[in-house]
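Labels for the chains are A, B, C, D and E, by order of writing; each one numbers its residues from 1.
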Amino acid sequence: MINCVLHKQLHAANGDMQLHVSFKLAPGDFISIYGPSGAGKTSIIRMLAGFLKPDDGEIHFEGETWFSHHQKIHLAPQKRNIGFVFQDYALFPNMTVRENLLFALQKNEPVDIIAELMQVTGLEQLSNRQVQALSGGQKQRLALARALVRKPKLLLLDEPLSAVDNAMRESLQTILKDIHIRYNLTTVLVSHDISEIIKLANRTLVIENGIIIKEGNPADIFFPEKPHNQLLVNGQITEIVKTENGQMASVLLPPQIIKVELAENEVDHFQKGDLVQVSHQKFNPTIKKIEP
Amino acid sequence: MINCVLHKQLHAANGDMQLHVSFKLAPGDFISIYGPSGAGKTSIIRMLAGFLKPDDGEIHFEGETWFSHHQKIHLAPQKRNIGFVFQDYALFPNMTVRENLLFALQKNEPVDIIAELMQVTGLEQLSNRQVQALSGGQKQRLALARALVRKPKLLLLDEPLSAVDNAMRESLQTILKDIHIRYNLTTVLVSHDISEIIKLANRTLVIENGIIIKEGNPADIFFPEKPHNQLLVNGQITEIVKTENGQMASVLLPPQIIKVELAENEVDHFQKGDLVQVSHQKFNPTIKKIEP
Amino acid sequence: QDAKVTVAVAANMQYALKTLKTQFEKETGIQVEVILGSSGKLTQQIQEGAPFDVFISADTKYPLTLFQNKFATDSPKVYANGVLVLWSTKSDLKPEVNMQLLLMDKVKKIAIANPKTAPYGVAAVEILKRYKLYDKLQKKLVYGESITQTNQFIMSQSADIGFTAKSAVLSDEMLGKGTWVEIAHNGYSPIEQAAVLLKHGALNNKESSEKFYNFLYSKEAKKIYERFGYIVK
Amino acid sequence: MDLEPLWLTLQLAVVTTAILFFIGIPLANWLAYKKTKVKAIVEVLVSMPLVLPPSVIGFYLLLAFSPSQSFGKFLETHFDIRLVFSFPGLVIASVIYSLPFMVHPIQSGFAAVPESLREAAYSLGKTKWQTLIRVLLPNIKSSLLSAIVLTFAHTIGEFGVVLMIGGNIPGETKVASIAIFDEVESMNYASAGTYAFILFATSFIILLSVYLINHRLDRIKSI
Amino acid sequence: MDLEPLWLTLQLAVVTTAILFFIGIPLANWLAYKKTKVKAIVEVLVSMPLVLPPSVIGFYLLLAFSPSQSFGKFLETHFDIRLVFSFPGLVIASVIYSLPFMVHPIQSGFAAVPESLREAAYSLGKTKWQTLIRVLLPNIKSSLLSAIVLTFAHTIGEFGVVLMIGGNIPGETKVASIAIFDEVESMNYASAGTYAFILFATSFIILLSVYLINHRLDRIKSI
């Protein structure tokens, strides 16, 4: 159970900005923080981690007080039981994969966890690699594994998957989800990827200008409209050709190009390159799983 | 008419790479260069601009020889009639918007072009702004305007729109297209955005590992399949609920969520967060233009 | 272990001292460590606590100060009188007793020792004043930190001519280089060079220090002073 | 108290800084952008005055300047110039001595200007010279400031070299640092103290200003 | 030729560098990460030896060390230590004189380590000390190397300060830079030249190695 009220004056590009948020996390929550650049997302989790000191407010974590302005408590990051995954990985370049993990091990803790985490994240083969020689996805997995060595109760993730390609992101999301359940974590994920949030989080805070403007179930927040039976897809005209009956537009809807007949009166309205919305009533679809 | 054969040994991350390309541009061509990171895209246009000296080959531009290994000619960038737009804008921070444009003006050229370009790119109001105080899109427009002050015959663009948001990208693409026609340019655009290429370019070179692996009309290159009458769209399952008849999946197809009934035998196959392909036969769509 | 004595030596004595040192070391087996400098600089250093046993000055004033300030055991004793010479190593310049040649155009720079710290500098200024040349020549004067630096200026012809100690021009290093002339002895106050036994020597290194100090006034020493142009009474 | 040494020091610092400014910019420009092997050697030579004892520099300058040696003789017979014991000689010595303090900050300044800014100017048909004057220099103002101030302060601090080739001539080569040494040797600690304090205070204020201005510039840049 | 001055110079440089290494790391660490106002002042103080005349530094040290003054008297009466004209005195002077050459490169090194690396170590429960030893220092090896070499070379070049407080005592304070001055004064140009050449060559080789090693390290890093 985390209970926090945070206030911090931030120096944004266009003047000062007041960050004012308060939220609670239940054990096992996977919450995501979403919002535009500069909204204060990173600042929030940095305050949770103890890297940034709030101007006012409180942070209580399962009975411990991590921060209290009035009681003048500001627990050092070292003393908070957290795992933090940085956007730039922040792996130690002077150590191998295994050494990065060993460094994270607390005194007198059994070393088994290292092997387990390497297995979970698929890093066994890379044990003695220097971190510079890892690919983006491998670095990301190592960063995640390292944050878990300490068996933290609270895992903080700052846009951890924004720098990896689509296929890698898919598989890391799956790992993240497994780990969240397996180690019984409370997780806070900063992300600007709605699809990722919907896949992973059970709750979302939408932040703008330092304020929580929406909060709730991700699907409800991002797609508040009721499901309906019409399909709308955005596409782009790649070509318009004359046919016997009039004109035919080729519309790019990746991964395919479809053809659409244009009505007489519409012909001048469209031109090559235009973005268009393709709609189709009475839609009765089937689905097929895409294997990553 | 540009005729070039280029060879350069590049020092890539994983050893050396031989760049070997040859292509022709007709006046008025808008060609795009596409390919993975590190393929050599930037290197090609830097050689065209004279910033990078090829190891071998020739560059001929409308009768002038810009580069010839055998004749030992390597024309300085200053003497090539080009406009270059850098990915990082490369605006002069010590000058205002107007001063950036004035600096680009050649001696004895009439100053009218400045006003015209500011109007075309919508910068009139910002004339005396310091460049640091511009937004990303404004910076981009200024960089474009500045490259055109010299009335170049050849415009070289290095991923010029990769750092701006979607709406801004739309409008800049339109400006770019207008300018290309209005000033009768030959344009080379490095881009990794297929939609952008389809909108702007009449020809694409696809580069991999320093070699042109494909060349031709963008739509043909990127979507070689024939247009057909089936629709495939990728989506994501946000929820699976029980209904009287079995189970119903909500599938996120931005900007909407659709509902799909799942067959009995499919139920265990799907779970929340899965990426799926939605298909629908006998598709008979209508289109509507999206106003930027 | 005590077979070593550290001696602070006014720069003009360095040439004579080489011979003294060899002689003394041969006779007693006591090593002599020589620290060179202008008399004034060495005095300053002794007052700041420099670990020297014996001080051989280029005048009597500095050793007297040391004695008065209780850095020396006895009042200073003169060992010889110094002689000032005018010296040039340029082939087209022959120093004369009549010093009007210093006014010539081709004499651009005249080296003297810094009168603030070096007695030979004081003597040089005195002589120039005596001939009423000081004001006229002030622009041409360059100051060596001690008599050694002055010699160096003359020797390298950085200065065209200069005033130095006779011991310098008679030294092995400079013998036969250029031409020099002795300045009339009545032109400047006698350069009465004295030495003192320092407290540091008396406390830490009594036997060797005293041996060396006494040696400075021995017959053999006097012969050496004379050989280097000093006047011994 | 004689203020002439302080005045002389000021003159020396101003002249040296001015000369080094015009030597330093092209040299730093060359070092920042050239990638030849000669560069490493030149870079080391520029840094030598940082690590060589002033007495070594002074020794070689003395040999070079002395009218009995070829270079000094040449100057003397053809131009009637003698560099030892003269203000111009001190200026040359200071220029050599303070060279790295001018070149290093400007070089880092140039290196920090994105390459694309230079290339943008070239692509607009501007010559290297126009690019330097209109684009590069205006964008490394804070490095130029550091370079000027460090050079100025370091020239004020010059001591060993002047001691060897200066000759302690009042009004010509007796700069403040030598005056202090002189006063200490003649045990005039009071006036040595005054000189020392003035130099200390000046250096402190100069340096503090640079740091503060630089921080200010940094902040302006980051906004 | 007497090799003792070279030997003494070497000892002085080694001892000074070793001491400064242990002073420089915490100081640079503090300067790189603290953002207080005191910092600007401390930064300036650390840089003062760069711009102060050695004679000023020498003067103040002379005052401080002299047995006739309070601090010197205190040392003398209570511990029987006299710092003027002694090797330990030279070491203290060199430490002050070369301080910026140790602190500046290490400070830039620390500043270049991404903040997230430190924070990552903290989030793993590591203390500041563990973070310094296990994470920060191993990642600024090339800065440490520069700092050590520059300090070493600059200490070899120390002259003005030594001249004022060292007193030219053979085997104790007569280091190479002083010996050169001395030999030049006594016109033993040959042995002055030999000393000077040895110092010049040593400094050149040391500096060239640093530049080359640094380039090598840079390249390794960038791969």
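Here is the rule we go by: a contact is a pair of C-beta atoms (placed from the backbone, for glycine too) under 8 Å apart; a residue touches a chain by one contact, two chains touch by 3 or more.
On a predicted model such as this, the values are computed, not experimentally measured, just so you know.
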Touching subunit C and also subunit E, the following chains: D
Averaged-CA centre spacing for the pair subunit D and subunit B, given as whole angstrom: 49
Chain centre separation (subunit B, subunit E; CA means) in Å: 54
Chain centre separation (subunit A, subunit C; CA means) in Å: 85
Residue numbers of subunit A (touch at least two other chains): none
Residues of subunit D whose C-beta touches two or more other chains: 62, 163, 184, 223
For subunit C, residues that touch 2 or more chains besides their own: 47, 145, 156
Those chain pairs that satisfy the touch definition: A-B, A-E, B-D, C-D, C-E, D-E
Touch list for subunit C against partner subunit D, complex: 38, 40-41, 43-44, 47, 89, 108-109, 111, 114, 116-117, 141-145, 153, 156-159
Touch list for subunit E against partner subunit A, complex: 114, 116-117, 119-127, 134-135, 138-139, 223
Sites on subunit E touched by subunit D in the complex: 40-41, 43-44, 47-48, 50-56, 58-60, 62-63, 150, 153-154, 156-160, 163-164, 176-178, 180-181, 184, 189, 192-193, 195-196, 199-200, 203-204, 206-208, 211-212, 215
Of subunit A, residues touching subunit E in the complex: 49-51, 76-79, 82-84, 86, 88, 90-94, 103-104, 106, 132, 146-147, 149-150
In the complex with subunit C, residue positions of subunit D that touch it: 62, 65-68, 82, 84-85, 163, 167-169, 173, 182, 184-187
